[in-house]
Each structure stands twice: as structure tokens, then as C-alpha cells.
Amino acid sequence: SPEEQAFQDRIDAGERIEPRDWMPEGYRKTLIRQIGQHAHSEIVGQLPEGNWITRAPTLERKAILLAKVQDEAGHGLYLYSAAETLGESRDEMTQKLLDGRMKYSSIFNYPTLTWADIGAIGWLVDGAAIMNQVPLQRTSYGPYARAMVRICKEESFHQRQGYHIMMKMARGTDAQREMAQDALNRFWYPSLMMFGPSDKESVHSAQNMAWKIKINTNDELRQKFVDQTVPQAEFLGLTVPDETLCWNEEKGGYDFAEPDWNEFFEVLKGNGPCNAERIGARQKAWDDGAWFRDGLSAYADKQQARRMAAE
Amino acid sequence: MTQTADVTASALDEALVQWLLRIGDTSLILGHRVSEWCGHAPVLEEDIALANTALDLIGHTQMWLGLAGQIEGKGRDADALVYRRDAMHYRNLKLVELPNDDMAITVMRLFLFDVFHQALIEGLTQSKDPRIAEIAAKALKEVTYHLERSSDLVVRLGDGTQQSHDRMQAALEHLWPYCGEMFWSDAVDETLADAGLAPHPDRLREGWLATVQDILTEATLKAPEGRLDVHLGGKVGRHTEHLGFLLAEMQFLQRAYPDADW
Amino acid sequence: MTQTADVTASALDEALVQWLLRIGDTSLILGHRVSEWCGHAPVLEEDIALANTALDLIGHTQMWLGLAGQIEGKGRDADALVYRRDAMHYRNLKLVELPNDDMAITVMRLFLFDVFHQALIEGLTQSKDPRIAEIAAKALKEVTYHLERSSDLVVRLGDGTQQSHDRMQAALEHLWPYCGEMFWSDAVDETLADAGLAPHPDRLREGWLATVQDILTEATLKAPEGRLDVHLGGKVGRHTEHLGFLLAEMQFLQRAYPDADW
Amino acid sequence: SPEEQAFQDRIDAGERIEPRDWMPEGYRKTLIRQIGQHAHSEIVGQLPEGNWITRAPTLERKAILLAKVQDEAGHGLYLYSAAETLGESRDEMTQKLLDGRMKYSSIFNYPTLTWADIGAIGWLVDGAAIMNQVPLQRTSYGPYARAMVRICKEESFHQRQGYHIMMKMARGTDAQREMAQDALNRFWYPSLMMFGPSDKESVHSAQNMAWKIKINTNDELRQKFVDQTVPQAEFLGLTVPDETLCWNEEKGGYDFAEPDWNEFFEVLKGNGPCNAERIGARQKAWDDGAWFRDGLSAYADKQQARRMAAE
């Protein structure tokens, strides 16, 4: 249609789409799904890290971790707001999260078993997230792009803090080094999975790229992540759990083993180590908090009625 | 004469260390309880606000216990004090170690404590010990904000639905008998008050009662009739059964890996 | 020849230690979870029965881990193994570390485990290692009684009220994906099985399924259709997030007072 | 009345009263109250000790403590059964416990704060309990007297185990000794309170003694307890927290300070450190367990119906 053509022309010209602009239904729906899923990931992502707040080994680490988890809740807030500009409310999206109609990043279905996991999440998981998110600062939808700018800035702090934890552990006692290596072993492949399966031939992907909702292919980002991360692991003196890993001079990047995509799809289906726990925790927070939310909104209604009566 | 002055100074320091443990431990344990909500709050804004409160309280802990360790002079820093003392050596108020149970308890406890805390910190900005006054000055804006926020929530939830009202009233009844410990005093408090280092706890009671009463009235809640001072002892190391479990969790890494650096 | 035999013996011992940690840790952690009910059970007879089960399991732990420490030969006794290992070195099944939640989970877990445990212990009475056979012989009467009791409860609660039925069914769905780990095996299990020391876990699966099915049918419950083996890893030290908290609590005194004798 | 006289004659002759025998209403009521309160004490008494089962410092200590708490539940069972022979059901008594119409021993309203408290409870609390219970083996009501015989046998084990814990602590590290002394400091006066206020001039007491429901006065028992316990404390190298304590050659016993009876009455009124927690825990167990008890009784009904249908 001419409208669609005009819309595509604006995108091609590098213009930002804003909430009141006309947009194709597919663009709107895809964005709601993508931004909503990203928001949910921030929210659910509080849980594996929150798991160690009460056990952080020093006051400073505790404060840093608290601040990080708080940032994630803040990111969730920006992102829900961005999605709401597209016409879906936060509560609707939350319902869809709880009943399984919307997803969150599968990485958060893995448990945090030692303090080193908090380091690994910052280093690897936030590292992968940044890799995904940096290009999205140039995404075509204005509110989303602006949210990404704020988020990327904070995420890079988080990544550095995570790497610092890993450094302390990798250069610490034998027990600490063992935990650090074990964390890398457990989080390496799930981190690679964060970019999703190869999408070279996906039609869906092509449309999203045309719309500038997606900027790079999954494989490009994954390669970039590996190339960035392997030297960091070497610097820590840790071993990436991939015997096939080696530098490929020709392509100027590492060759590496694919993660087990079967595991990826199993986790997606709900068979990850913590799927039930994560959604269970969010459901419990939602249910237990109903009286609280109801109380606040009843008060707001009363206040409004009082104001109106006073006029 | 000099010797007497020295003895006095050392007695004052001893009282000061105890007093700093009390305020520092109270911040720490309340911060710990609040931090347990991370990711589990009823609404995203609360996740953020509670994390923020916990952060402030952990920050105060670092300052108070850092100073305690410094004055004690046995080479213990704030982390050593936090991670290597068992329950009987903790000096926090019992009020702050009770489990969160639900958000009504959490909000009501914050409110009841914040009223006291804000007045205390404000008083401490006038301390004759510049180290105390400085910490208080840094903390004042935060604790004032805490009080604003928790009073506001008490009003909104107390005057919300019947259920939210009832839960807030039940929380108030539950916590009331623990509140008296905030105003309980012993020689430590006397010493600090006499030296002009800290307000006497007893002097904070009346203001507390007045503010609490105002907010409760606005919240359509009723102050309990029972005694405020049923549950004392935290300030001298006699706690509830809850603290031991909290510390076992909090201190695990430092206890299990005593040689590690984090 | 001698040297090869020596290497083999030492490899066998290594596998044996791992295997003993698995069975000992599983007893310990299940015993711990069961002991959490003390004083909180729904009826006095259950307080008594659950304490009894916990006692049996702690008793088994002492024997299995005692033997593990002895064979390991590094001077660690059962207490050292229990109180001074962190989660990643624990080898228990994930099934037993899940929180109790409610009595439905507790009873259903005991049942699902007891069916396996009884068959395993019975098999172990035939172990070629007399130390294992002896422990198994001591434990057999107890685990047989555990199974009787838990099967009976599953039937009565499954075929009780609608609510008790639904709770038991929900507990079954919750626990089912953890059950496959009981039959999961690696080189450790192969080695033990090849040497005639312990039944191969895989060989216990069919009998387990049959017995479980029988009891579930009598209890008017339905075996879930999903995979049994979703949650593996406990036997090689990859646990759920729950174990760390459990250990922090359990190990507190030994960690906090490493020099003390109790 | 002649019946009452005959009843009293039987008691004076040292006969045992059995459930089907005639008895005065006051005797029945007093016994139900006394046995029920004793049963409740066993049940509530599980809580302060149960608090340390998951944290017992060795497997052996854990097993001993578990066995002890299990014994207490067993004692509860005998005692409820004895009370039931007098016509009040366990569930009725439980309801009265939960709504405050029946009491339990106030000692269990004190918290267990360190492992030494487990020792102190065995040594002091079980010690005081035995002092109370040994004479009750000769009480006039048969089922109660027989329950007491079983209970006393087990309690004396418990007391020895408790004393053994104290010994280990008192002769252990500085930190352990500090805990042991602190436990004695906290449990000394509450233990003295276990015998109740002086009842020398209580009419109530006189009747109970005539009925052989009560054998000794509270003060006699308290004196006996102090005389037995002080040398034990000395042997441990611990200091009884009573500066007035001294041997009185003339009376052949110790002079000692009275506990703070004001505190006693406050705890009785509900203002002890753990009253709300203890009853709260029992209420929660009762409420959470409702579906369980209902399930079992529904099954029993169905089975009965099936048997009847089959006949």
C-alpha cells in the first residue's frame, strides 16, 4: 500500500517512527512482542541475581549487586513504557508473561549456584545483551531506541563489575578459581544461545531488518561476542569449555562450537532448570501483591472522589 | 587528672563503639530484610524503591560500622564486623530482624522505624563528635525521603480497601510491642547523651508518638493499646530466634572461605 | 599385572567414594528436609513419623559418609564431609533438595524416592563389597517401612477429598521431572555395577515405574506424561538454587566455630 | 457426699482411680486441665528445640536432638490419651490451646538463641520437669501415673544429654564457654519459675494434694531443684546468675533469690518473648494441615462405606 511504502521510505531515510505516526500492524505487533519480551527479561532477570543479594560476600559487593538489580527493574520500567506507547498495557503484558503467551530470555532459566555466577552473568550475559542492544540504539522506533541508549550505558557498567568479580575469583584461592571456571563452564553455551539460532534464511528476520527492528543477524552478533570474550577469558586464565575453539586467521575471528540447540528448544518449551521456579516466583509476587495494588488504587479512587466532592 | 581524663576518654570510646554497633547493625539488618524483596515486590515501582532503601541502609552500615571498627582499634573493618560476629554480639533492634512476612509488615515496619530514624539522624547532625555529625549529614536526606515514602504508603494502604486496611492494622498490632526498644536506654545511651554525642533515646519518644499518631489517623488506623516495650534486648545482644538464620545466610561465604578475598 | 590391578583398585575406590557421596548426601539432604517439619506437622502422629524417618536417614548418612571418608583416606569423617563441603561438591539427587512447600510435596517426594530407595537398598544387600552389604542390611527394614508408610499415605490422600487429591496430583506433576535422575548413570555407576558392588540405576527404572503406577492407580492419581529426566545434574554437583541456602543453615556452627568441639 | 468420701478413702488408701470409676467433677476437671496443659507443653516444647535441628553441629547431635523432639511428641500423645480417658478429645484440647483457654508451660516462650540453649533446656528445663514429674508417678489417676512412668524414664535421658552438651561447651573454646554461661544466665530464673509461685497457703493446692494430683508444694520442688542444680553448675565451671546464692547449713539447702514473678505473670499474659510465635506456629500447623486431616478422614469414611457395601 502507499502508506506502507511511505513508512518504509521514512525508515530507509533514517527517520524515527514515533507513537502517533502511522505504522503497519505487523510492525506494531512485532515491536510489542520484542520490547515486551525484553522488558520481561529484565524483570525475570532480577531473580537469579537477587538470589545472591542476601549472601553477597562483602558490603560493597552487596551494594553493587543491589544497585544492579535495581537498574534492571528500572530498565523493565522504561521498556514497558516504550511498549505501552504501542497500545499494550503493562498489566496485559504481565498476564501474558505469567500464562506463557510471552517469553523472556531463556538465559534466566539457568540457576546461580555460586558467587562466581554473579560474575559470569555480568561478564557473559550482560556482555551478550550489550552486543544485542548496542545496534538497537539505532532502531527505527523512537521510544525503543531512546530506552536502549539509557540501558546500554548502564549495562556496560554491569559488565565491568561482573568481569571484576570474575577477576577476583580467578586470581583468588583455589576454591574461588574452581568456582570461576565452573561458572564459565555452565554459562558459556547458554550465553551463545542468547543470540538465537542462525537466522540467515529467515523471512521473518529479513522483514525485521528492513524495518530496522533488527539490525544484525544472530550469527554476526554471536561471532562478535565470541571474538570479544575469548581474549577476556584468556586474560582471566580461565578455559572456555570448547575444545574446538581456535583462531581463524582467514575470517579474522574464532571458529567455535555451536551450542546444543536441542537444549535451547527444550528450555524454550519449559524444560530448563528453572523455568517453573522463575514463573512461579513472578506469579507468587503478582498474587501476593494483589491486595497491595488494589489498596493503592482504591485510595486513588477515593482521593479523586474527595477532590471532586470538594469542587 | 590526666589519667582520669584518659580513663574517661576510653570509657567514652567503649560506649561509642557499642552505640555505633547498635545503629550500624540496625541499618544492616533492616537493609537485609528489605533486600529480600528484590524481584518479589507487588509492583515494579516497589521493587525499585525497596532496592533503593536497602542500598541506602547498606551505605549507612558501611559508615557506622566503619567508624565503630576504627574507634575499636582492633583491626576490624565494617566487613569483619558484619560477617564475623555471631548473633549474641549483634546489637540491632529486635524490630528490624523480624521476618518480612508480607508487604504490610514490611511497609509498617519501615514507617515505624523511619519516624524514629529520621528524628535520630536529624539529632545526630548536631553531634559534638564531627565524625558522627558528618555521617548523619550524609544520611539525613535519605532517611527523610524514606519517611516520606513510608508514611505515604501507610496512609494509602490504611485508607485503601478493607483488606489493605485490615492487613495494615494487623501489621501494626504485630510490630507495636517491638517499638519500645527504640526508646530504651542504658549506660551506653546515657554516656553518649551526656557527652552531647547523640540524643537520649527517651527524648525521641514523644515526637515519635505524635507523628505516628498523626499518620495513623490519616490512614484510618488505630494505635494499639498494649505496651510498646514488650520486646527488649536486641541492643544488648538478646535477639529473637530469627536473627541466627539471617546471619547464617548472610555470612555464609565469609565463613566458608575465610581466606578468600572478594 | 600387579600394577594394573592396583590402578584398577584405586580407580574403583575413587568411583566408590563418589558413589558413597551420592547415596550419603541424598540421605542427608532428604533427612534435613524431613526434619524441617518437626513441630509443624498437620497431626501429632506425623510429627512423630517424620522425625522417625529423618532419624533413619541421618543414621544412614553416618554410615555411608563414614565409609566414604574411610575409603577416601584423607582423614575426613562423616561430619567433615557433611559440614565442610560447599554445594558444588555435594552429590545428592536434586529431587531431595527441593523445599518441602506443603505436606503433599513432602509425602509425594518420600513416596517417589522410597520406591527407588527400597529397591536400591535391597539390591545392595547383595553387594560384593561386604561393607556396603552390611550397611544395606541394617537399612533395609527401615526403608521398607518408609515405603509402606508413604505408599499408604499417597493412597489415602489421593483418594481422600477432592482437595487432597488435587494437591497430591499437583505435587506429583511438580516432582515428576526430577525423578529421572534416580536412574541416570555415568562411569561411576557403570564401574560399581560392573564390579558387582551396586545395581545399575537403569535396572531399577522399570520396577520403579510399575510400583509407582500401581500405587498411583490405587490413589486415583495419574502419572504425568512429561519427561522424567528434565532435571539432572545433582549427582555431578550441579544443583538447584535451594541447596546453597540449606547448607548455609546446616553448616553454620561448624563454619563459624571451626576450632570447636561439640 | 458419701460418694466423695468413698472416693477420698480410696485415694488415702493409695488406690489408683481408673477411667470408669466414679470421680468428683472437680477432680475430673482439674485433671483434664493439668494433663492437657502438660500435653500442650510437650507439643509447644518441640518448637524451641526444633529450632536447632537443622543447625545441630554434628550428625550425632542432630540425631540425639531429633530423637528427643520425637520423644516429646510421643509424650504429648500419651498425655492426650490420658486426658481423653477423662472425656475431652485431643481436638477439643487443641482448640483450647490455640484460642488461649488452655495454657502450656511458660518456659517455652523463651527463645533458643545459641546451641548452648539446647544444652540448657535439657539440663535445666528437663531437670525441673523431672523434679515436677517424678512424684506424679504416684498420682492417684491411673492413666496419668502410668504415662508419667514412661515419660520420666525418657526425660532423665534428655537431661543427661543436655548436661553433656553443656559440658562440651563449658569446657570448649572461649566462644563456647561464653555461650554456655549466657544460656545459664537466660534460663536460670525461667527454670525456677517452672515450679510456679509459692502455693503454701493456696486452698486449691490443698485440695489437689488431698486428691494426690499434686504431691509436693511448689517451694519444696524449687528448693530441691536448686540444691541439685547448683553443684552441677559448679562442676561445669559456670556461675549461677544469683549473687545472693549461698549454702544454708541450717536448712541443709541453698538460699537463693526468687525469680521476678512480675515477669512470670507478664509471660503468662502473653507478653513473653515468643508467645505469639509459639501459638502462631501451632495455629499455622493446624490450619495448613486441615486439608491433610480432612483427606485422611474422607478416605477412612470411604473405606468404611466400601466395606459395608461389600458385606
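As written, the chains take the letters A, B, C and D, and residue 1 is the first residue of each chain.
Methods note: a residue touches a chain if its C-beta (ideal position, glycine included) is under 8 Å from a C-beta of that chain, and two chains touch if they have at least 3 such contacts.
Predicted model only: the values in this text are computed from it and were never measured.
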| item | value |
| --- | --- |
| Chain-contact steps, minimal, separating subunit D from subunit A | 2 |
| Gap in Å, rounded to a whole number, between the CA centres of subunit C and subunit A | 37 |
| Whole-Å gap between the CA centroids of subunit B and subunit C | 43 |
| Per-residue overlap in subunit A, given as positions that touch at least 2 other chains | 55, 175 |
| Residues of subunit C whose C-beta touches two or more other chains | 86, 244, 248-249, 252 |
| Graph class of chain-chain contacts, one of line, ring, star, complete, other | other |
| Which chain pairs touch, all of them | A-B, A-C, B-C, B-D, C-D |
| Residues of subunit A touching subunit C in the complex | 48, 51, 55, 111-114, 175, 178-179, 182, 186, 271, 273-274, 276-277 |
| Residue numbers on subunit B that touch subunit A, as the complex places them | 32, 35-36, 38-48, 51-52, 54-55, 58-59, 61-62, 78-79, 82-83, 102-103, 155-157, 159-161, 163-165, 167, 249-250, 252-254, 257, 259-262 |
| Sites on subunit C touched by subunit A in the complex | 86-88, 174, 177, 227, 230-231, 233, 238-241, 244, 248 |
| Subunit C-facing residues of subunit D, complex | 43, 46-47, 50, 53-63, 66-67, 69-70, 73-74, 76-77, 80, 90, 115, 165, 168, 172-173, 175-176, 281, 284-286, 288-300, 302 |
| Residue ranges of subunit C in contact with subunit B within the complex | 86, 244-245, 247-249, 251-252, 255-256, 258 |
